[in-house]
Structures are given as structure tokens and as C-alpha cells.
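Lettered A, B, C and D in written order, each chain numbered from 1.
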Amino acid sequence: MQRMDRNALAARVARDIPEGAYVNLGIGAPTMVANFLPKDKDIFLQSENGLLGMGPAPEPEDIDWELINAGKQPVTILPGGSYFHHGDSFAMMRGGHIDICVLGAFQVSIHGDLANWHTGAPDAIPAVGGAMDLAIGARDVFVMMDLLTKSGESKLVRQCTYPLTGLACVSRVYTDVAIFDVGPDGAHVIEMVEGMTLDTLRALTGLELTEA
Amino acid sequence: MQRMDRNALAARVARDIPEGAYVNLGIGAPTMVANFLPKDKDIFLQSENGLLGMGPAPEPEDIDWELINAGKQPVTILPGGSYFHHGDSFAMMRGGHIDICVLGAFQVSIHGDLANWHTGAPDAIPAVGGAMDLAIGARDVFVMMDLLTKSGESKLVRQCTYPLTGLACVSRVYTDVAIFDVGPDGAHVIEMVEGMTLDTLRALTGLELTEA
Amino acid sequence: MINKIVASMAEAVADMQDGASIMISGFGDAGAPAELIEAVIAQGATDLTIISNNAGAGETGIAALMRANRVRKVICSFPRQAASHHFDARYRAGEVELELVPQGNLAARIQAAGAGLGAIFTPTGYGTMLAQGKETREIDGRHYVLEYPIHADFALVKARAADRWGNLVYRKVARNFGPIMAMAAKTTIVQVAEIVELGALDPETIVTPGIFVDRVVAMQPAPTV
Amino acid sequence: MINKIVASMAEAVADMQDGASIMISGFGDAGAPAELIEAVIAQGATDLTIISNNAGAGETGIAALMRANRVRKVICSFPRQAASHHFDARYRAGEVELELVPQGNLAARIQAAGAGLGAIFTPTGYGTMLAQGKETREIDGRHYVLEYPIHADFALVKARAADRWGNLVYRKVARNFGPIMAMAAKTTIVQVAEIVELGALDPETIVTPGIFVDRVVAMQPAPTV
């Protein structure tokens, strides 16, 4: 079985982003999706700290610390890009103007509940940032994650046990071994890596999965 | 008795506007206050259709119909002025950033209730514009009006009978014969034209007026 | 390549359906998309709900929609004015419904729609007949009225210049309701005096980012980009 | 003549009182008014409530306020980060209270304060522990949480340029919270890289009109205007 590494997964997510889409890529692995978007198509990347039309990382000599993404990495702006304040930026998000948001997750439920901001550890200092706004704002929320934790527990679950980021907000989950649609009807497998079977996925997740 | 005409009244209101004030002048007579503001002082006129730093009327050859005030008259913009959209404009107003608003009125109550948008006539087509926002937004609302209607009824009243624009929002009323402070403690006379007396004012208004 | 520029006013409004709700920018003539409104009249959609500051004056713009009897309802702050005879006649005849909204609440409700808020407590109108029947609440000693967002199927907006991604800049007080309506409608259609190359608008000074704009049409034949 | 330009950072913050609430612009270092914060530390005000996206990282800015133990409460979206050790230590020691707010709700609540709204129904956070104990409501089939405005005594903001009336323009994503915080505080104090003549800023491109600004101070000695 050929598990997808992060690059392969990012490339796979990129394939589902159509030309003309307004897209927010979350901090971490989702940021890598940008590397695989077709250069000859107009896809509009938003960064919630006030930038639309985000371009690739700058050359080291062009780094400008007043031109960063939400992960505080230096970026560039494309011709046709624009700057705006946080009020307008989150209006874009909350108002449903962003087509696709790609996020990481600790857990996703089969109905699309998302947990990606807090481990629930009692001594953790919580930090939420824009996670909850991104989760409920975009028209489609894609999650990128490994299917299993390091200790082998499924992160696709019947019901999240970690503190929630948003309810019923995720529409698709891209994992290293399969891709799932989630929602009111539960989870459906829409793609598997070579060598993976539905039965194996059921065994790994403990869920009654069906193919879409 | 020397009743103040509209120009004299506008000049009198202008004297109470300090340098540095952010001011909105309502449609009609209040607009004339601008003519009496000292030219050597910075007083900031806002027009709720999206202009701060409004200047005087243009020369006829300089009229630009995309540079008008809320009364749809051509105006100019001073160096240091700015344009903004209606959301920001009414945030200025509703958020308490305007120091003084000068409005006309049908009636003002001794407690500062304002009626200036609707005569209450059953067949009237109502139109409110920004009146209700101006009434409750500015820190101080000044009203300019004749004390009496053409038929001799006082427009300063115990309780408004016309439909209200805002509750307890007016702080000062400038009339052709006297100036009143109004508020929780009722109406107090702070100035009278020469020849006017407190007793005459009481008789004209039917109110138990006191001097401030 | 994404190109939001369409060739004609007619094409820009071709999919307007009967019963649509339409936000229309403008305060007086400043910022009023008169040519787009003409195109709507020619296109034929009727039974419309118009959301705008006014209900039309004179013979063009919203007044022409009124004259053509295409409007079922108006949501506005200032319908009655010197030359609003077409609205006045329809209203007195009971042919058009009026929802009168204080101008700042109109702006705030449009903004709430654009920003995805469910409702807002606003102080404007409290204690007046325009708040009758509405939920109110005292918060920190001040009284507020609960007002709901105003969404629309379309926004018709006038701006000064646009690029093919739909980024907009405006001119003077013609800006007025344009930026907030562009954010609140499902489909935003903009008429502009000038179409510029992508990148010609300074990213610091774009007022409406292209994300809020669906179609752009030049007021006169403009160079293709 | 109104001149909002003050001569020094120290003068700009001279009246900051103990117990003040202070909005501080910035996302990461971009837009963070580090020099004004230094001036607050030198000025001595304590028992402060800080409203900002972060709770400080490294040794400067909000982190320096934390280290100096001047902060009673933080209202922010993202306190914990790689170098937030000063906040972390104070928080774990119970010396600083934290109100954690989703970033978009933080922005919306600041905007509500600036715009004079009494409260807003926002969808963000519904069903999560950050909405626990808060009023919720279903509106048109969607769930919302009632959130209240965040006001402040002071806003400390960084901008690119200002004139003597306090009109501001920003630079790139350093804009972030600056414009909305300037609208929400009783007293807004701005540090700028450049002071320009009145009229030098294009009225079309001013981001923050001077009405929202009380004091401006240049980051280096700037020409008097």
C-alpha cells in the first residue's frame, strides 16, 4: 500500500481546486497546497491577516515582514492582489465569500464536525486564532490529515472527543490512505490509495463506511 | 423684540462650535451654519453620504455631481478631507465619533425627544433618510427651529405629538427668540433675544421654564 | 484566466429573474448605475425587490423601473422627494410595498449580510414607529433594536475603474453604498468608467477586492484587457 | 489650527492611567506599535487590559509589558505561540486573566464598538467551548452566538503615514487591526513612519479618516508640519 506523503496529499487537494476559486489555506500542511496549484490558472489565495491574491514565497533578498501570511511566513502579492483590514478580511470569511478553506485537524466526525484547535489537555494554554472563523465561513472546508494518529487511532470519528472548532462544517477529508466526503449522510469513501480496501478502512476507523 | 432670522440663528449656532469639532449639519437651515464658521479654525464637517472635511459650495464651473452633500447640493473637499462608504460613514455617526449634529425639528420635548421626520399625516409617504441615525449618534444634538409654528403653537413641548425621530437625544434648542438646554431636568432658558422675557416664553410655550 | 469583464450591459444582466432582489448603489445620482438599470428594464425582469437609499426620482434609474411597473417592493430610507412621482403614484395605488429603514440601519443591515452576521442590535430607531413590533433590548444602559441582515440576489454598482479580477476603485462620494452592497449580494454587477490592466490598481488603494465582484462592464466600449 | 502630531512617544502616552484598557494593533510583528508600547512601559501604567490578536512573543512589544507585569487581563485570539514564554508564565502563575476570542469575532466585536452596535449574532464559535454560557439563537436555519462589543480606553496603532488631522494610510498587511481599533477606542494614538503635509494624502485612499485618531507621533524625528 502506497500511503500519500504530505506533498502527494497537497497535490491531490490542489487538483480539486478549480480556476477562479477563492481559497484560504490554513497554517501548516495546508499551506503546501499552494505549491501544486497550476501556475497558468487564476486561483485566488486569501490570507486572513489582510491579503487577497497571495503569491509564492519571496527570494530571501525580497523578504518584507509587513508582507506575511497567517502563519507569519514571508509571502508575495500577485498583480491584482489587494490589502484590507481584519474586519473586511473576516467578513470575506464569515460572509461566505471564500469558496474553499483547507485545514488540518485533530479529528473530523463523519457528519463534518471539526476539532483542530485544542487537544483538551487540562493544562494547555488555549489559542484559537482564526480556526473557528475559517471552519464555519468557507463554502467548502477541506481537511488534510493522516487517517490515524501515531498511536493508531482513527482521526475520522463518529463523534469528536476533542473540543470542537465548528459543527457540521467539513465537506471533504483528504488523508494519507483515502479521501472521504462527510456530511449529514455520514462518511463516504471517494478515493483510496492503491492496495487499500474498504474493509481495511472500516477496520482502521471502526466506521460503517460506504463508497460514494 | 428682535427675532433672529435664519442667518442670525445660524451664526449663533456657529459660535457654539469649537475648533476641532467633528460636525454634521442637517439638511435645510442647519446647512447655513457652515457659512458662519470661522475660516481660520479647523472645524471638520461630515456629510453622511461619505465625506469628511467638506468645504464650501464650488464655483459654478467647478460643480461635480459626484461631490455633493447629504442635501444633494454640490460641495467641495478641503485638503485633509477623505471619502468613505456608507458603512463607515454611519459608524462615525452611530459610534459616537461626531461631536455635534445640528438638525431642524417639528417638535422637541423638554427632555430632548426629537420629532423631525414625519408629520404624522395619515396619507403622507414617509421618508426618514439619516435623521434617526443623526439624532442618536452625535454626542451633542443641537436643534435649530422657530419656537412657534405658523399658527402659533410651541414646537418646544412637554411631550412630542409627532412621530419621534429619537428619544432623549437633543441637548440644546436654538430658536428665533431664545436658546434652551433640554434634558433629564427639563428645559432651561440660557439666552433670550432682546425684549424677550421668561414670562413671555412661559406664556408662548405653556412650559414651566427656568433660567439655567 | 479569470476575466470578469463582460461585453455589454445586456449581457451583464441577462440572467436576472422575475422576483429577484436587487441592491442598487447611489445617493442621488452619485454612484447610481443608470445604464445597468436601463439594461434591466430592457431585459424584462419584473416583480423585483429594490434595496437602495432612494426609490427613484425623475425619469431615469430606479424611477424608470417604477414607471415600467417592475417593482414589487422597495427597501429604502428616503423614498419621497421632489421628483419621486413614479414611486409616489405606485405607492399610493398600492402597487408597491415599502419597507422604510433609517439610512444607517440600511447600511448596517447590508454590512451584516456581507459579513455573515445573523442580526445586530442597533440604537437607531429605538422608541420610534420604525421599531414598532421589533425586539428591543437594554445593554449597558442603552436601548437597542434587533435588526436583521438584508441580503440580495444581485447588486448593481457603479465604480470608477476595475480590472479583470473585479477589483474596484470609486470616485468621490459616488462610493456611498457600492462597497457594502458588493459584499452583500449573491451576484455583484459593476459598471465602470474605465477598465484597467490587472496590476494597474495599487493594492493599497483598492476599495472593493475582486472577491466581492462577479461581472464588470464598461460604460462605453472599453479596450479589451 | 488642529495639529494632532505630538513630539514624542512619551508625550503620546503620558495620560495612560492604571487599569486602562488598551487595544494594540499588529499581527505578528507586522503593524505592532513597539515604540508606543515601550513608552507605556516607561510611563508606568499598570493593571492594564490588553486587547490584541496575540499576547506577546519574544522580549519586545506586548511580551515586554507581560515581563514587566503590567497586564491584568488579555483579550486575544492567539496567546500561545513559540516565544510567548512571558505570557505563558504569567498565565500559569494566575497573574493574568485570559479571554480567548476567535479572531474574526475579535474583529467583529471591535467593529461593533466602533460602529455603536449593542451586540451582534455571529456564527463563529457556535457549539464550541468558546460559546459556553453565551446566548445563542437560530436565525433562518443557522446558529449564532450573541457577542458584545469590545471598547477600549486607548488604541495604540502603527501606520505608514499621517497628516496633522490624523488621516492614516498603512503599509501592506501591517494594516490588519489598525483601522478597526482606531474606531473603537476613546483615545487613539498612532505611531507612523512618515508625517506628511495636510492634503498630501489622496482623499480617495485614506484608510482611516482623522476623526478616529487623537494623537500621531513619528517613529523618528520627523519634519514639523
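Please note the rule applied: contacts are C-beta pairs under 8 Å (C-beta built on N, C-alpha and C of every residue); 3 or more make two chains touch, one makes a residue touch a chain.
Keep in mind that this is a model prediction, so the values were computed, not measured.
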item: Separation of subunit B from subunit A in steps, with touching chains one step apart; value: 2
item: Cα-centroid distance, subunit A relative to subunit D, in whole angstrom; value: 29
item: Distance from subunit C to subunit A - Cα centre to Cα centre, in angstrom; value: 34
item: Whole-Å separation of chain centres (CA-atom averages), subunit C against subunit D; value: 32
item: Subunit D: positions in contact with at least two other chains; value: 108, 111, 115-117, 122-123, 170-172, 204
item: Contacts with 2+ other chains: residues of subunit A; value: 77, 83-84, 87, 90, 93-94, 137
item: Chain contact topology (line, ring, star, complete or other); value: other
item: Touch relationships between chains, expressed as pairs; value: A-C, A-D, B-C, B-D, C-D
item: Residues of subunit A touching subunit C in the complex; value: 19-20, 22, 41-42, 44, 46, 52-53, 77, 79-84, 87-88, 90-98, 137
item: Parts of subunit D lying in touch with subunit A, wherever the complex brings them together; value: 27-31, 53, 77-81, 84, 87-88, 91-92, 98, 100-108, 110-111, 122-130, 143, 170-180, 207
item: Touching residues (chain side subunit C, partner subunit A) in the complex; value: 1-2, 111, 113-117, 163-165, 167, 183-184, 198-199, 201, 203-204, 206, 209-212
item: Residue ranges of subunit C in contact with subunit D within the complex; value: 108, 112, 115-123, 137, 139-140, 142, 144, 148, 169-172, 202, 204-205
item: In the complex with subunit C, residue positions of subunit B that touch it; value: 47-51, 64-68, 70, 72, 77, 83-87, 89-90, 93-94, 118, 124-133, 136-137, 163-167
